[in-house]
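The structures come next, written out as structure tokens.
What follows is chain A paired twice: with chain B in the first complex and chain C in the second.
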Partner chain A sequence: MKILTHNMLMCNVKGCDKGNFPLRIELSEPVSIQETEFNEDFARRLIGKVDWPALAETAAALGLYDKLGIPELPSTPPEAATADDALLKAMHRVLLEVQVIEGKLVCNNCGKAYSVSKGIPNMLLTQDEL
Partner chain B sequence: MPRYLFYLVHRHLEFRLPELQALFELAGIPLVTHRPPFAADDSPFLYVDLPNEEAARTIASRAILTRNIFECWAEGADWDGLLRNLDEYPVERMEAAGAVGPGVTFRFEVEGFGRTYTMEEKLDMINRFAGRPFAEGKVRIKPAPDNVFHIIEDWGHNLGKGLGAGGAGEGEVRRPPGRPDLPMRAVYLCREVATGRRDLVGRYDLKKRAFLGPTSMDAELSLLIANLALARPGALAYDPFVGTAGILVACAHFGARVLGSDIDKRIIRGKVPGKNLWTNFKQYGLEPPVDVIQCDILRRVWRQGEWFDAVVCDPPPSRPAPQTPVPRLLYPHPHPSPKDEMKPGLVPVTLGDTTDVLLDFAASTLVMGGRLVYWLPCTPEYEESDCPQHPSLRVVANCCQVLTSKWHRRLVVSVKVAPYINTLGDLLSLEEGYIEGLGPLRKQSPA
Partner chain C sequence: MEYYDPAEDTHLLLDALNEDAERIRSIEPLFCVEIGCGSGVVIVELAKIAPGAVRFATDINPAALAATQRLAADSGVPVELVRTDLVAALETRLRGRVDVLVFNPPYVPTESSEVGTPDISAAWAGGFDGREVIDRLLPRLPALLADRALFYMVALQENRPKEIAETMRRMGFDSKVVLRRRAGGESLYVVRYSRTGAGGG
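What follows is the complex of A and B.
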């Protein structure tokens, strides 16, 4: 699971509709880094879509800045039109090149834990959670 | 503006114009078409305005249902008319195309729409142009010559109805030479400007695909879906019924980043180690999906936001009946074989359940101008009003494919034209409706 996807996912347990984002990542295996093609347009258009406080919090919690050797991302949305190459590339690396392989996504509100196995998050619920 | 002759593929007839519209939108060129004077209604020949040859090559570079784009030098209802018209075509324009001069290389191709020819017949046709200024240079087959001229006779097709939605394969529209069922409609002499991408249909042929499932989407249709979804570099495309990712592979081919989900983990991971959804991307050297996650489209797992440039999918044709014991999942097997439709315990999805959720989902998660492209199962009795509508989406294309005499499906292409309006009300109560077996829950969209 990429950090971009993490930034999009929320808890879907019935009745859990406040504080259900972002889900807390609990790793049981270190994240892996996989290079992917950088597309400036794609990165720039993500600026308005990403939740920046959640992104900064997650990146710091997983120690991604040290791991990737990049400066910290802002916790408020930068201006999309004027974002420079360095920021876009840093976004690209955090959002699209970091991969959570094994672990859990835990809802800070209801405590529901979604498993991430072999890189695939399982967002399904059990019958009593529907 | 210069006018070019498009020679379209005589398949998936209802998809041809929508594909061109999509390609022209991607290229930022308004689509203006003119019917050739001698062409019939269902003709594969179409004149289209284009600013220049480079634009023609841009359009052709991802066209699936366009064989060739030509600069037409002359046309006629018969050969006399063609040759008379060719006399009037200015030599300066042939020179401008770099087609005149002793050192210029060229070759001829003879094609018949609705006919095939013997080698003698082809040579006879080519020889009718002997002595023309553009036929003074050297003939060269390989390497590619400076110019390729096409002589195309249009005999129409005589397969009648039923061909309409891709029934006949490429090249199947032919009759034995010399069978005078119908008179020739027209004959064209053209210079080749660009060639479409029929080769992609072969490259992505499912027979050569590493990882397949029972509902993998045909390569040609996947490529068409990717075009209709305006898949392009910088775009994000999402398939909520990803299966073996047939549609997303096509989207990735055109440079889009892709994201998929499915309720069934077995489909995503595959049964055989080393053969799974990701293998298909690796096989073609494409960027792998951003992610594939396991979730139920009927549940809100995506945070509210305009994430996707395209939502593309082939929703499963049936779902478990509500009374079926469901130990864990709402939909334990979303990809049943077509036969499952007949089995007890499964009910076919009717217009109005999954489709309504899909439309609402797309309306809320697409960017403005983003596209939803999905298959809608229907019967031959389908009427325009059966197509589900959403106030935030506008249907821009709706192309029928005939599957059997009883089942058709339509590829519906919608564009998000207005900010999201919730048409489902409380999604949770809707789901409870499913579980308790309250039957189809079709809610009316506000007018």
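What follows is the complex of A and C.
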């Protein structure tokens, strides 16, 4: 599961609709880092689709700035047209090169823990959570 | 562990997506989603048709997700996998952002009790008129799909595709049969839905 995907996942327990994003990542195995090709246009298009406070919070919580040796990401969205190369590359690396393989995604509101196993988050709910 | 192997309906969907390849590329999709990815052949094919996109594939069956993960890795195509009901865990954040949505639903008319089990039968058991899962997705589409989105869905004659088209029309979508084929006594369709006036008709 890439950080981009984490940025798109929300707790979907019935009635849990405030403070249910972003889900807190609890790793049981270090993240895996895989280099992927950087595409500037693609990165610019992604800027407006990403939740920046969640991205910055998650990158800090996982220690990705040190791990990747990149500048800190802003917690407000940069301008897509004028974002500089260093920012775009840092965003690219966090969103697309970091993979959560084993761990949990925990809702800060209701406490529901979704497991991540072999890189796949299990967001299914039990009958009484629907 | 089992998942739905590519069958006639899968091949019809692959053919329809290739038939529509230029149209798909013309909207420059950023987010592509397949609901119920099964073996993964469809989302991997879509990756070849529209390479510059993020791809999400969902299924409730973990064997299907594992199969898609393997196929995507073998094909060198990144696909993000999420085990969820339809698009439940993604739909708030992907609101209005899904550019291409593909769904080969469980469309076989069955008893309602057979729908949505965590095993392989979830891949085909569609309940009353084969419509129970389809009808759960349709009302979510106006919020989920981007303005220029293309939505491709497989349907069987028994699902009453004209009635589906009418439901979609009331929600502001045009329908167009991309391909139709008879296979093993079934009449299969792949229908493309796009917002009225978005130039998809």
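Criterion: the second predicted complex is superposed on the first by the 130 of 130 C-alpha atoms of A that agree within 3 Å, B and C clash if a C-alpha of one lies under 4 Å from a C-alpha of the other, contacts with A are read in each partner's own complex, and residues count from 1 in each chain.
To be clear about the criterion, a contact is a pair of C-beta atoms (placed from the backbone, for glycine too) under 8 Å apart; a residue touches a chain by one contact, two chains touch by 3 or more.
Just so it is clear, the structure is predicted and the values come from calculations on it, not from any experiment.
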Fit or clash between chain C and chain B when superposed on chain A: clash
Touched partner set for A:Ile120, first chain B, second chain C, both or neither: both
Contacts of A:Tyr65 with chain B and chain C, given as first, second, both or neither: neither
Contacts of A:Glu37 with chain B and chain C, given as first, second, both or neither: first
Chain B versus chain C as contact partner of A:Trp52, first or second or both or neither: neither
Which superposed partner A:Lys14 touches (first chain B, second chain C, both, neither): first
Common interface positions of chain A, toward chain B and toward chain C: 1-2, 4-5, 7-10, 12, 21, 36, 39, 41-42, 45, 49, 51, 96, 118-125
Chain B residues touching chain A - in the complex, by the definition given at the top: 233-236, 257, 259, 263, 265, 268-269, 287-288, 290-296, 299-303, 305-307, 326-330, 428, 431, 435
Interfacial residue positions of chain A with respect to chain B in the complex: 1-2, 4-5, 7-10, 12, 14, 21, 36-37, 39, 41-42, 45, 49, 51, 96, 118-127, 130
Interface residues, chain A side, partner chain C - complex: 1-2, 4-5, 7-10, 12, 21, 36, 39, 41-42, 45-46, 49, 51, 96, 118-125
Residues on chain C engaged by chain A in the complex (per definition of touch): 30-31, 52, 54, 56, 60, 62, 65-66, 69, 78, 80-85, 88-90, 92-94, 97
